[in-house]
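Paired with subunit B in one complex and with subunit C in the other, subunit A is shared by the two complexes that follow.
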Partner chain A sequence: MSSIVLQQAINGIVVGSLYVLVALGLTLIYGVLVQINFAHADIVTLGAFAAYGVTHLLSGNYLAGIAAALALGAALGWLINAGIFAPLRERGSELLPLIATIGVSIMLQNAMLALLGPIPYAFDTPYSNQVIRFGPLFLTVQNVLIILVSGVSITLLYVFMKFTFLGKALRAVSQDRETAGLMGINPNYLIMLTFVIASALAGLSGAMLGPVLVLTPFAGTSVIVKAFAIVIIGGFGNVEGTILAGLLVGLIESFTTQFLDPGLIDIVVFALLLLTLAIRPTGLIAERREENV
Partner chain B sequence: MNAFSTFTRSAWIASYLVVLATTSSLAADKVIKIGLLPMSGPGSYFGAQDKQGVELALDQLNKSGVNGYKFEIRYEDSACSPLPASQAAKRLIDEYKPDVLIGEECSDATLAIMPIIEQAKIPLINAGSSSIKITDPGNPWTFRIMPNEVMQGVDIATNAYKRLNARTAVLLHENTNAGIGNAQVFADTFTKLGGKVLADIGFGRDVNDFTAIATRIAGLGDVDVIPTYTLEGQGLKITQALMQASVVKGGGGKAIQLGTIWLPFGFEQKAGEAAAGYIRIVQFDPTDQRPQVRDFVQAFKAKFNSEPTHLNAHAYDQILLIADVVKRGGTDAQSIRDTLAQTKNFSGVTGSVEFDKTNQNVKMDTVHYMETKPDLSWTSLKWN
Partner chain C sequence: MSEVSPLAAQSKERGFPPISRRAWFLIAAVIIAVLPLVVKDSYWRTNLIVCALNVQLAIGLDFVVGYAGQLNLGQSAFYGLGAYGSTLLVLKLGLPFWTAFAIGTLMAGVAGALLSFFAVRLRGHYLAIASLGFAVIIYQILLNWISMTQGPLGIYGIAPPPVVALPGLPQIVFSDLRNLFYLTAGFTLIVYILLDQMVRSPIGETLTAIREDEVSAASLGIDAAKWKAFAFAVSSAAAGAAGCFYAPFVGTLVPDAFFVTESFMILAMVIVGGMGTLVGPVFGAILLTVLPEFLRSIGDLRLIVYGASLTLAVLFMPGGIVEAFHLLRRRLFPEREMQ
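This part shows the complex of A and B:
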């Protein structure tokens, strides 16, 4: 039994790492803009398809696929912000950009459906079925890659936010956009940077999720609500809280599957969400929103 | 999760109405109008492959027509899900006014549209939904040409026990009417024969990673068979996870996965070595030597440059059955329903059709078993 518990802990960390990658972009945008980005799920899906396409085009070079997904995500982030969100924000309405994210989401889903069709793609990387075994425990090389990429991404984001000038400026904008502007920081530039980083993370998470997901144009929607839940449990806009909540949700999923029933996963996760909202509405870690991002 | 996916799906459906009216030159007063569902969602591969079978049948039939009638079709997106299916059925009935409907594929969606088609008094021919609730206790307007979950479940459980000498099973199924119903029938039959069900594991359609489930099964000890009731996308992930956990033959284990008609041909190529040893029911055997099967395979290859799947075949049969009904005097919804109910010994490419008083096809020759070989080719097991 102990080996099963350990195996489920490994499974939970792998799934949790994927959730963290998806949720980080969401929490970043929320932290800076106090805006929910419904199109995030579709950038995840596009990242997965980009990785799939490039990997197949380059005869199984998955690492190139990951790079392509990252680049596509960043480019989309820039494009969507410059073309849609920024002009809407200038009109001073908070609702318009929110509705626009829904519009972009529907548009991207339909574009993918028209271009790629509805039939599930089998995205197997060269590492998907390479299984490493330690006695009764097993882990695919793909899973190792997921944990590594998530770990490196989280570390880089943390270092960027805490120790670089741009990161500090970004946190300043998230705390008080107007005052940050008076200090010589260009909020529009930093908002653009936020979108680019968040979307790059979405693309990257798509590349890592692609081999795990049932890959269709709607793939991203199957993880995004859980990612939203993680953002709330972790504390809106709180990077550390998001990491903790993502791993927690991954572990909850694995152990619910082992000891209860996989059909109860959503009940347990969303019960935790409600509990968090009731007991610690600011999330697992943050006490004040100003401390976030 | 469900609220969000329903919302996005509904929004998507609202914007995605596919209308493909073929044979525009047909005389308006001598046309049998057919409506078909679904085209998107997790069961979209059903719709995409159904469409091919329908197109081939219509090409053949509309060359000369039947009793002076030609056939046209309109596709509507029901997404294999109850709410969009209800909306699509209403839209189809209100706007297109079909004489007969074919589809849905997913049982939950079919159950949702049955009251609507009953109220509109339009017959529905179903070839993909297995829930027993569809024909039991019976609905005068819904006809099913495939074996229901009881017919399939009893057969596959009996074969597992007697032919595969299986004594232990783990049930894997999506938490839908069809998933739960199929698993229950298997469990009841298998247990009655003397087998033991070690676990009954249900999951939602939003589950992506099945490693945790495979780990749980690996911890259950000796498992002989794993009847699996899920759509293709999740089916792929389950099979690969079971291989990684060394549970199934493809991963060096001893368990055999069993499946029903939910998975399309080509599944094994997508799943790779993990699929080796998988035994499943399909509704169509392309190696069947009956002349109509050979002709269908040849015509399908000529039109689409690929081998036909059982989904292509059952859609083709649905249209041929409608043509047969028209040949026997069906001209509108009511007469098509009445003539359908009298169908006996219709011979299609998937097998034969004869409806009982609940409008369930009672013939079992539409059940074909196939086993995936280690080289990912498959062989017909000729168990029926």
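This part shows the complex of A and C:
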């Protein structure tokens, strides 16, 4: 019994780290821009397919696949910022960019559906079938890789935000865009950078989750609705809260699968979301954002 | 003219001159009466009914999004609540269709008012995500409560609305697509007239005041919480009623018909038509229902049309078809605009 609990805890942390990786990009963009990129989900999916394609072309070189997903994500982030968010920023509407990216998401998803079909792809990396055992517990090397990559990405992002000049400039822009502009920081450049980093993270998370989840054109969407729940439970724009909430949702998911019913996962997660919104709308770690609460 | 606030200018621009309003409704009624006589093909008659339901969903959503300014991504859930609610009331409790219709519509309205509990505390993005979460929960309940909804297998063989037999007149049978179109489109027209009356009354002014600036609205004594609940209730009741018609029209209910993407489709109809006008979403809904039918031969590309039109409308024509119409009229009849 206790080994089942431990095993599910490990599975929960693996899934949770994937969610954190997806949600971090969303929260990063929200922190700087107070905007939601709904097409984030499809960058995840495209990242997964890019990784799949490159890994297969190079006969099993998964690391090259990850690099391709990162690059594709970064490029898409740049494109979405230049095509959607930058032109709409001048209009100053709060919700129009969200609606426009819902359109982008529908387009990308159905374009993938037309090209790739609805049948799941079997994405096996060289690490999917290597198993590490600790007594009754087991982990695939792929799972270890997921936890590692998530951990390293989160740490790098933290170091970047805390200690580098660009990171400090980014935080300055997220706190007060106009004053940051007066200090000689170019907010438009930094917003572009935020999109590139956030979307590269989305591409990366796609490459990581492709081999674990069911790889279809809808793979990103099934994850992103949970990522939305996670960023709200963690407090939008709050990186520590996002990490905590991501792991929490991962654990809830694996324990719901084990002890209740896999069909109930979304209901439990979103009930938690609505509960958070009703009781503590600023998220687990309070950081008040007046415009939403 | 320069003294007029943008809001007033906008409401002046909205729709057609008041005198001809009744005439327009009459024209709409005549079009509804004539359409199924012209369209004899049962495939296109089916599409006419889909149009009527989509128009009802779109104008309902526009009431809360366009007028009250609350981005609601949960319209698919209210649609589904109406459809499943009314069908299950008929199947499990043996209620007559029209009683189930009334209860189903009411149920969706109450659920909308409950969701507005979040709208009271949250604005903008948080509300959008909360309503999306609500839609996901309802979809998952429809999918997983198998003893009640039969889950992904769906409910089959739902009977059409009962035959209306008035003394001295021929029976009205709703398995006939023409009669079903008259029923749904007629009901949609009534919903339109009701919403039109509301948005042109002080209720409309109150809702737009909340949309434009909630704090100022509150300082004028407007109870924003109450009015948001009202807007949500009306909007979701309209969606619920559309759902009550959907079930006997299609005859089959599966949860996938009420997935969150359905919410996005309805939102696209509102945006492409022209958010914040009632006539816009009517044309948006018709365009986005009929246009993809011509593209059916290219399969999945149909939905790309929705995505592309949504994004392009937001980027280049945020006022939608209504704005395009006004631009065109200004170009063609510059002298009429001067008056």
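As a convention for this text, the second predicted complex is superposed on the first by the 287 of 293 C-alpha atoms of A that agree within 3 Å, B and C clash if a C-alpha of one lies under 4 Å from a C-alpha of the other, contacts with A are read in each partner's own complex, and residues count from 1 in each chain.
Following the convention adopted for this analysis, a residue touches a chain if its C-beta (ideal position, glycine included) is under 8 Å from a C-beta of that chain, and two chains touch if they have at least 3 such contacts.
Fair warning: this is a prediction, and the values are worked out from it, not measured in the lab.
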Judging by the criteria at the top, classify the pair subunit B and subunit C on subunit A as clash or fit. clash
Quick check for you: in the superposed arrangement, does A:279 touch first (subunit B), second (subunit C), both or neither? neither
After lining up the shared chain so the two structures overlap, which partner does A:36 touch, if you call subunit B first and subunit C second: first, second, both or neither? second
Just to be sure I read the superposition right, which of the two partners does A:11 touch: subunit B = first, subunit C = second, or both, or neither? first
Looking at A:232, would you say it contacts subunit B, subunit C, both, or neither? Reply first, second, both or neither. second
May I ask you to decide whether A:182 touches subunit B, subunit C, both, or neither, giving the answer as first, second, both or neither? neither
Looking at the overlay, what does A:257 touch: subunit B (first), subunit C (second), both, or neither? first
Does subunit B (first) or subunit C (second) touch A:138, or do both, or does neither? first
Looking at A:212, would you say it contacts subunit B, subunit C, both, or neither? Reply first, second, both or neither. first
Touching A:119, do we find subunit B (first), subunit C (second), both, or neither? first
Out of 187-195, 277-285 or 295-303, where does subunit C collide with subunit B after the chain A superposition? 295-303
Going by the contact definition given at the top, which residues of subunit A touch subunit B in one complex and subunit C in the other? 102, 105-106, 109-110, 113, 225, 228, 261, 263, 266
Interface with subunit A, subunit C side, in the complex: residues 71, 117-118, 121-126, 128-130, 132-134, 136-137, 140-141, 143-144, 260-261, 264, 267-268, 271, 299-304, 306-312, 314-315, 318
Parts of subunit B lying in touch with subunit A, wherever the complex brings them together: 1-2, 4-5, 8-9, 11-12, 15-16, 39-42, 44-45, 47-48, 175, 201-204, 206-209, 211-213, 215-216, 218-219, 232-234, 236-237, 240, 243-246, 270-274
Subunit B-touching residues of subunit A, taken from the complex the two chains share: 1, 4, 7-8, 11-12, 14-15, 18, 102, 105-106, 109-110, 113, 117-120, 122, 124, 128-129, 131, 138, 140, 143, 209, 212-216, 218, 221-226, 228, 253-254, 257-258, 261-263, 265-266
Given the complex with subunit C, which residues does subunit A contribute to the contact? 30, 34-36, 84, 87-88, 91, 94-96, 98-111, 113-114, 225, 228-229, 232, 236, 261, 263-264, 266-267, 270-271, 273-274, 277-278, 281, 291-293
